[in-house]
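One chain, chain A, links the two complexes that follow: it is found with chain B in the first and with chain C in the second.
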Partner chain A sequence: MLNNAIRRHAPFWLSILVGIAIWEIAGRSTSQAFMVPFSTTMLELFRLVTSGEFIRQFLDSSQLFLTGFCVALAIGMPLGMLLARVPALRIGVEPYLMLLYATPLVALIPFILSMMGFGFAPKVLVVFLFSVFPVIYNTVEGARSIKPEMIEVARSFRSSEWALWRDVMVPYTLPYTMTGVRQAIGRALVGMIAAEFFLSSTGLGQLIMTASQNFDTAGVFASVLVIALIGVGLMRLGTAIEKHFARWRQ
Partner chain B sequence: MTASAATIAQPTHDAGAEPLIRVHGLGKHYGALEVFRNIDFDVGAREIVAIVGPSGCGKTTLLRCIDGLLPHDVGEILVGDQRVIDPIPGVAMVFQHFGLFPWKTVSENVAYGLRMAGASKADIARKVPIFVKMVGLAGFENAFPYQMSGGMQQRCGLARALAVEPSVLLMDEPFAAVDAQTREILQFELLRIWQERPTAMIFVTHSIEEAVLLGHRVIVLKGRPSGVHEIIEIDLPEPRNRDTLRLARFAELRERVWATLMREAREAEFVLER
Partner chain C sequence: MSEVTLAATTPSATAGKTPRKTGTFMPRLIVGAVLLIGWEVVVRLLAPPYVAKPSTVLMAIPGVLTDPAFQAATGNTLAAVAEGLAVALVIGTVIGLLMGRSPAFESSFRHYVNGFYAMPMIVVLPLFSLWFGYSSGTRFATIVFAAIFSIIINVADGARSVPRDYLEVARSFRSSRSSVLFGIVLPASMPYLLAGFRLAAGRALIGAVVAEFFLSIGGLGYYILYNSRSYKHAEAFVGVLLLAGFGVGFELLVFWVTKRFMPWYRRER
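The block that comes next holds the complex of A and B.
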């Protein structure tokens, strides 16, 4: 049992160790202005965490991320189902959705800045815009793939429209929405950093900006490393959520 | 005397009594395509009527009209004294591809119809196990559809329909999607359940044998647009069971329905060739 576990996980940890080693060696053999070794990054991270600076910025970013993401979910999911249920609405709205989904949203940030100025709301809007489209898109695709027979069953048993949503549309579509949620997590993280870079500077984005402007490479590396790890953690969370909701699918 | 009059205290159909379902001059179009016209027949409160016909003759469409899932263009459908335009209470349908909700367990699927009918929680908790047991799914209450064979899934579909205690059961080729052995088992299960709780039943099928085994009357749909070509009285003794299959009269009736249908099939081929 234990042997098996070691054998399975060994390549993973070995690869991580090799990665850290390369980072350490590369960092020690180049100028500190370009790159700092792993050990220096860790020391800087430790300093940031213990000074309380990091926790404060992290909470700031989390608030932005969660607000934007929850709004995206709260609007994207019902809207997606409505679009699937009302074909005329879908045909009318779809071109705009496609246009916005295809637009590099970073390009919209100056426009949002001039419209809404600095503050919390425009940043939430950026996170929202980055994350809402995969949720809508996957929800529509999911809700449209409901077999007509299931709707017939509901009608045959005299389901109300509300019960049809609660008992059929929502449970059927949730796994698809969760695929959208998983895709949206990565995009929301990009949106969060972009908003913190280009709008009023706060959170982890600000930490990176300030460190970068002060040529504090260790600070940049520490912050980027943490953001990357948060991203990985959120993606795995997304996959777990997706699996949980899809357990009835073969 | 070959008819059922000889058996006493056995559930028998009552085709002679006031019918429960009345279909009058029913017609249906899909755009320019006329599916059927002038369909007339009745079903008694304790009668099984089987509908057979060549593929594409509109059997399933007819059944969906009777359930109120599809609108009809001409004529009327009465269940008791209610006109069918939308699905009405007291009528339950069993679907060809089972129509189970894959995210619901057996118990939750069986409870679905009751919940939609507004039954109380206590009522649902009391009734669901009865019908799960009736169809032989005791022990599988918490199984999901994907964990079960087709036969078990259709047992669940049947329990869901029975649970609302309908006076009319509409069966849309319910055993067409399961293998031959399972199909036979389910046919006799259905007969056993019907004898326990007789209802009016319309059973649409491709299988002549199934139609003759289950039906008190067999309706043969014909032509394009289709209409009722012949209604064949199936005077087999009640209760129907495995022994029914061995009766000379069963073979005779099966041949008769077969001959009627084959004549249809040849005519249909002829139409296509021209």
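The block that comes next holds the complex of A and C.
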């Protein structure tokens, strides 16, 4: 049992250890301005955490992320289902959704900046724009995949529109929506950092920007490492959510 | 890992399913008209005059397209994206093939590839700008970084799913390791590679624009930034339209290539 666990996790830890060793050696053998070793990065991270700076910026970023993401979910899900329920609307809207999905939305940030300024709202808008389309897209996919027979059966039992949504539309669509949620989590994170870079500088984005402007390589490495770990954590979370709901999918 | 591919393939899978009846045209036209008129009316009533609206954007198009500065910026960005994508494609395919076929390689690289893929690509910008300066070198590195991991992940998925029979035949004919890799595994994972390339192209475009914003170096992204800062929103928006066109263009290109050269792949889904 224990042996088994070791065998399963050994490659993972080994590859992480080798990676850290390479990082340490590379950092020690190059200029401090170019790269800092793992140990220095960890010390810097420790300093950031104990000074309270990191926690403050993290909470700031989380607030932005959660607000934008929740708005995207609250608008994307009902909209996606509505589009699936009204075929004429869906056919009409679909090409424009595709267009927006394929457009690099970062290009809209300068417009948002000059129209809305530096407050909290424009940043939420950026996170929202980045994350709403995968939710809508996958929800439409899901709602389209409901067998017409299901809706016909519900109809022949004279179920109301409300009951149809509650018992057929929502449960059948949720697993697909969750695929959208997984994709949206990653994109919302990109949106969050982009908003913090290019609109008013706050949160984890500010942490990196300040370090970079001060040529504080250790600070840059520490904050990039943290954001990478947050990215991995969120991706895991997204996959877990998706898997949890995928059990419903036939 | 397979969900990455799944996510990568869904949009164009639907594009293929879109009904091509005459019934699709009218709703699309109506929705398009409503969107454009709504935008025009809202901006006219509520927003300051510099804000882009369909009429001013339309009028700005000829001027912008004939502007040599705009053409240079577009060429600049497109060349950088093409260059970065080509490098990412070659290196990403090789790493992906190795990861898909060699368990040792896979277990030592997997976590790093997944980790870098999950990382929002723009956080590397400050780091790259420390390394390569405020230059087009940083933009190039950002584009490669943005593009490479989705290619690696998809190619590795494809290489892993090569039918065992193919490999057994190759083994019975005593093919060399490299000819198996490039003669069998690579062609067999082509659809995955294309799916990865589609994702990568979108990400590369974003990477280029973000890098130009960040570094203030010449290109389409900087053109948009500069013009919107000087309140020429209509001109800047033409740049956005062009970017959207490239995004859609990449999608259509990959869709067409898949349909033309790998028609069997669509039918499976």
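Assume the second predicted complex is superposed on the first by the 249 of 250 C-alpha atoms of A that agree within 3 Å, B and C clash if a C-alpha of one lies under 4 Å from a C-alpha of the other, contacts with A are read in each partner's own complex, and residues count from 1 in each chain.
Here is the rule we go by: a contact is a pair of C-beta atoms (placed from the backbone, for glycine too) under 8 Å apart; a residue touches a chain by one contact, two chains touch by 3 or more.
Just so we're clear, the structure is a prediction, and the values are computed from it rather than from any experiment.
> Quick check on the chain A-based superposition: chain B and chain C, clash or fit?
With chain A as the common anchor, chain B and chain C both fit in the superposed model.
> Between chain B (first) and chain C (second), which, if any, makes contact with A:232: first, second, both or neither?
Once the two structures are laid over each other on A, A:232 reaches chain C alone.
> Have a look at where A:103 lands relative to chain B and chain C in the superposition and call it first, second, both or neither.
Only chain C is touched by A:103; chain B is not.
> Examine A:114 and indicate which partner it touches, taking first as chain B and second as chain C; both and neither are also allowed.
The answer is second: A:114 touches chain C but not chain B.
> Touching A:78, do we find chain B (first), chain C (second), both, or neither?
In the superposed model, A:78 contacts neither chain B nor chain C.
> Which chain makes contact with more of the residues of chain A, chain B or else chain C?
C
> Vertex at chain A, arms to chain B and chain C: angle between C-alpha centres to the nearest 10°?
90
> Which partner does A:209 contact after superposing on A: first (chain B), second (chain C), both, neither?
It touches chain C, and chain B stays clear.
> Taking the superposition as given, does A:197 touch the first partner, chain B, the second, chain C, both, or neither?
In the superposition, A:197 touches chain C alone.
> Working from the superposed arrangement, determine the closest approach of chain B to chain C, counting only CA atoms, in whole Å.
Nearest C-alpha pair, chain B versus chain C: 16 Å apart.
> Per the definitions at the top, what is the overlap between the chain A residues touching chain B and those touching chain C?
none
> Under the stated contact criterion, what part of chain C meets chain A in this complex?
3, 6-7, 10-11, 14-15, 18-19, 23-24, 27-28, 30-32, 35, 47, 51-52, 107-112, 114-116, 118-127, 129-131, 202, 205-206, 209-210, 213-214, 221, 224-225, 228-229, 231, 233, 236-237, 239-240, 243-244, 247-248, 250-251
> Could you list, by residue number, the parts of chain A that touch chain B in their complex?
Contact set of chain A toward chain B: 147, 149-150, 152-159, 163, 167-168, 171-172, 248-250.
> Tell me, which parts of chain A touch chain C in their complex?
11-12, 14-16, 18-19, 33-34, 88-89, 91-96, 98-99, 101-104, 106-111, 113-115, 137-138, 141, 179, 182-183, 186, 189-190, 192-194, 197-198, 208-209, 211-212, 215, 217, 220-221, 223-224, 227-228, 231-232, 234-235, 239, 242
> Give the list of chain B residues in touch with chain A in this complex.
64, 67, 69, 87-89, 92-93, 95, 97, 99, 101-104, 112-113, 115-117, 144-146, 164
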